[in-house]
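Here the chain labels run A, B, C and D in written order, and each chain numbers its own residues starting at 1.
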Amino acid sequence: MNFDSLLWVLLLGSLLGLELIGKVPPTLHTPLMSGANAISGITMLAALTAIIKAEPNSPLLIIGSISLGFALFNVVGGFFVTDRMLAMFSRKPTKKNK
Amino acid sequence: MNFDSLLWVLLLGSLLGLELIGKVPPTLHTPLMSGANAISGITMLAALTAIIKAEPNSPLLIIGSISLGFALFNVVGGFFVTDRMLAMFSRKPTKKNK
Amino acid sequence: MNLPDIIKFVIDLLAVLLLALGIKGLSKVRSAREANILAAFAMLLSVVGLLSYYLGTSGIPTQSWVWIIVGSLVGSLLGTLLAKKVPMTSMPETVALFNGFGGMSSLLVAIGAFLFPFNEGAKAGSLEPFINDVSISVSIFVGAITFSGSIVAMAKLQGWLSTPGWTQVKARHFVNIVFGVTSLLAFTYLISGNISSIWLLVIASTLLGIGVTLPIGGADMPVVISLLNSYSGIAAAAAGFVVDSQLLIVAGAMVGAAGLILTQVMCKGMNRSLISVLFGGSLSSQTTTSSGSGEYVNITSCSVEECALTLEAANRVIVVPGYGLAVAQAQHTLREVTKKLEQNGIEVVYAIHPVAGRMPGHMNVLLAEADVPYEQLKEMDAVNPEFPATDVVLVLGANDVVNPQAKNDKSSPLYGMPVLDVQEARTVFVIKRGMSAGYSGIKNDLFDLPNTSMVFGDAKKVLSELIGELKDLGVGEK
Amino acid sequence: MNLPDIIKFVIDLLAVLLLALGIKGLSKVRSAREANILAAFAMLLSVVGLLSYYLGTSGIPTQSWVWIIVGSLVGSLLGTLLAKKVPMTSMPETVALFNGFGGMSSLLVAIGAFLFPFNEGAKAGSLEPFINDVSISVSIFVGAITFSGSIVAMAKLQGWLSTPGWTQVKARHFVNIVFGVTSLLAFTYLISGNISSIWLLVIASTLLGIGVTLPIGGADMPVVISLLNSYSGIAAAAAGFVVDSQLLIVAGAMVGAAGLILTQVMCKGMNRSLISVLFGGSLSSQTTTSSGSGEYVNITSCSVEECALTLEAANRVIVVPGYGLAVAQAQHTLREVTKKLEQNGIEVVYAIHPVAGRMPGHMNVLLAEADVPYEQLKEMDAVNPEFPATDVVLVLGANDVVNPQAKNDKSSPLYGMPVLDVQEARTVFVIKRGMSAGYSGIKNDLFDLPNTSMVFGDAKKVLSELIGELKDLGVGEK
């Protein structure tokens, strides 16, 4: 990959992110925050790459593994907790709009 | 540029395009159509590239030039006509919302 | 990356950013005009970026300069001329024409790139020839469809082409499938290196564009144009793969996707699905056999003088403009009439149906041209509850958009389309030339109602007479 | 491109598509839950894509497998445990902790990539080392700030850390500037090849994160967390440059940008600007000197029994829950009280102020947990016109969000913040433990009004007593 094509991707990704969130009702601020938070744990891919590419017995293995642990804590915990919150809202899905 | 990075750009550009247009009031359908139309004349860049890279005396020069003419007809005419329409709407800018 | 690369890169990023802002802004009344200028500026910027890049690297030969200048001068001049001269009533045709020319541009550049490859010496490790060929073929295919489809659409909107009856037979689908398959075959040959099949591809896809657009009723044309606009974006994106330009790809993709959304929005406004627009054929021809031929039994016709008298006595008047007003170019005369009424203290508003006229938002443009204040234009949903409290409704060259069948008659092809409930008003005057039907070809039950009076005549003529009558009554002269 | 490349490419595209859909869906009530699951699925997909890519190309050594499994098991297990156990009242802290861990992950992987470079053998003609170094440094910088800032935010929300007075002196800006400049210097050294300055960068940016977050008042914490969430997206995007992954870049950029928008939306809801949140210091400490110390002159206090009697006679009751309700964990008891009232034919609705509680939307989550039907929760703008027609308002552990100063007193620091107009109702009961102020530290004029009665006590205790009293009155027992 050339650097400039990565920059294109960065620009377009940012613009997309800016557009994706429209009017969020305050009700959803908390779950949206925690959901987006979980997605930012995508760094787990970087940690995985590091572990896979590490030399045998390199300390990188441990660093990567700890990093992976932190990331997965964020991802798995984040999605679960978001789901817990959202599950409460959708308990009565029929009468959402009065 | 690698092909796959171009595909990334294509995907993200399309997603962005899908998001950019929200609720368009019917009033604006015509100008929006003609404005987007003018932007699609961006092919003029391809025509320019063809003319610049053409061998001396190659028929590509003529083909490129005709292509450029069509594209600029689209671009320049499109933006002007859109502006003409929009100028009418904005004549009384103070009382837009009653 | 060296300096010219970096500069071009930054300019391209900036251009994409501005284009995105432009498209976004165009969808809001408040920002539309600035957004349009912004987009135009972004396009200019991208050209400057490209030219200065080649100036700074390989240089631009004099011969190229000549052809660039000739091409751009001719194109821009003609485009500007058309844009300045064309009457607002012909907007749909104009947009169709512009769009077709955009498609033609993609088509030509792709043919050029195929016959006289200019991209080989580009960059080391660049596009494989296969991908190059595929992009070119897509560009040709989509470009040709866009061009021929847009030109047919324009011709139909101009009235140069009607919808011939034979295009409505089911067999048309078969013919189109043949064109489609032929295009596909030519496409396959082409990308496997058979250069001569390029002409087959051009011809087959041009025919496909014609074959698909010709049977579509004029009423659906704006949707078709919007869809073709989306295609021209796709063609631009494909051209971007040919010349290896992210800017082209992103801009093309944005236009393509935005066009698709707009098409969808329009279809909803006209209560049609995209599928039925594309493959359902013309609405009118489907229906002439059914409810279209019903007889009118109870028509009341009245003179312009009677109409003037009723108007003078009214407190609240709603004007419903339609396609006929646009055809008659009567928007300025209408404005004079309403001015007189307003001077007499009569409240006047305009009820704008989203698909009145020949293009969504067309009426707004026309009335704005005649200096009607923006706040007097009311959209359908806002004005519908107001009809019961209205004394007089003037239906001016509108027909389908005030047809109560759409609400009451489940068997009607119009059923389900949102309409203006003019029949709820005390008195309705319908101004049209005769008893002929509107675009859908369907009988209008409104004309039969007891509170409806027809005033026959060309909209502009009737309105000028109305001005005379109102003057005689002393309306608007205090 | 060979097969594994293509598969990975398609998987990555798909994952981005799903993530985009997920983020979009999370901002709409209707689709939020499915969107969250979709996003989780996209993350899983991306991991599968990565692992299968390496399995299909270079292979994954057993040693790596061991560390992968250990790391993921420990992280996922602990994360799941916390997510399942944590009470809904502690959501803000929990989100802050998760976010900090995300930042820590970026920080660690960047340190690893710097000390034990693993990206060199990547692809020919790939990233130049300079860009690699810059990306790593950005990752470290942003990751460290995210981590330390989030941990401070969490500690403050948990009450483990208060806002020390000395952090409010203007000099703190100077200290932070020193940290910032040091980070910048370390950054510059690092990218010019001075490996040992990595630790300086880590320390300086950690301190910067602490220094910026510590002075911010607890009331503004949710905004800070949202901003730090946006940072962690940026850190992920930077890590994407390090490991050469478009997927990481796009996902990180989307989270970064979406987080920024959310932060902006929240600031608007709390009537604060982002700048004043970040650099204005804590709201309470600014104000204790001014209007915060006013004396109450006209306090009416009443017993739970009186409150129950008034409630029994009411037709329409509005409950205003606030932070105190969350602290007292009284949402379930509250639900029992309102059930009783409803059984007696009394209409009950809940007025939810957007920033009631400690996090936007916090009250909705808490009340939903106690099974309050969604349609009884009314947002501020919808409920404000209803107060004049209301017999009894129960203010439960809320304070700032019902302070009329925000509307009447231009000199008040709260002035301009939208509040609930509870004083318009016939009778207002305020249930709280004492006369202490709310988060803003400002005196509440509501308590002095003649139609306001205070019911002192812990919210949960008062509510349980209320149940008893209502039972004695025979309410809700038919």
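Criterion: contacts are C-beta pairs under 8 Å (C-beta built on N, C-alpha and C of every residue); 3 or more make two chains touch, one makes a residue touch a chain.
To keep track of the chains, here are their UniProt names: A, B = proton-translocating NAD(P)(+) transhydrogenase.
What you see is a predicted model; the values in this text were computed from it and never measured.
Comparing the centres of all chains, each the average of its CA atoms, the largest separation from chain B belongs to D.
Counting C-beta pairs in contact, the pair that comes out ahead of the other among B-D and B-C is B-C. Each chain gets a centre from the mean of its Cα atoms; for chain A and chain B, those two points are 35 Å apart. Inter-chain centre distance (chain C to chain D, centres taken as mean C-alpha positions): 47 Å. Inter-chain spacing, taken between the CA centroids of chain B and chain D, is 42 Å. Taking each chain's centre as the average of its CA atoms, chain B and chain C sit 16 Å apart.
Those residues of chain D in touch with two or more other chains are numbered 20, 24, 246, 250. Residues of chain B in contact with two or more other chains: 1-3, 5-6, 8-9, 12-13, 15-16, 19-20, 22. By the definition of touch given earlier, these chain pairs are in contact: A-B, A-C, A-D, B-C, B-D. Here chain A touches chain D in the complex through residues 1, 3, 6, 9-10, 12-18, 20-92, 95-96, 98, going by the rule given at the top.
Residue ranges of chain C in contact with chain B, taken from their complex: 19-20, 22-24, 26-30, 32-33, 35-37, 39-40, 43, 46-47, 50-51, 54, 58, 60-61, 63-64, 67-68, 70-72, 74-76, 78-80, 82-84, 86, 88, 91-92, 94-95, 98-99, 101-102, 104-106, 108-109, 111-113, 115-116, 118-119, 123, 125-128, 131, 222, 225-226, 229, 232-233, 235-237, 239-262, 265-266, 269, 352, 354-355, 359-362, 364-365, 368-369, 371, 373-375, 377, 379. Remark: chain D residues 1, 5, 9, 13, 16-17, 20, 24, 246, 250 touch chain B in the complex. Residues 1-2, 5-6, 8-9, 12-13, 15-16, 19-20, 22 of chain B are the ones that touch chain A when the two sit in their complex.
Residue ranges of chain A in contact with chain C, taken from their complex: 3-5, 7-8, 11-12, 15, 19.
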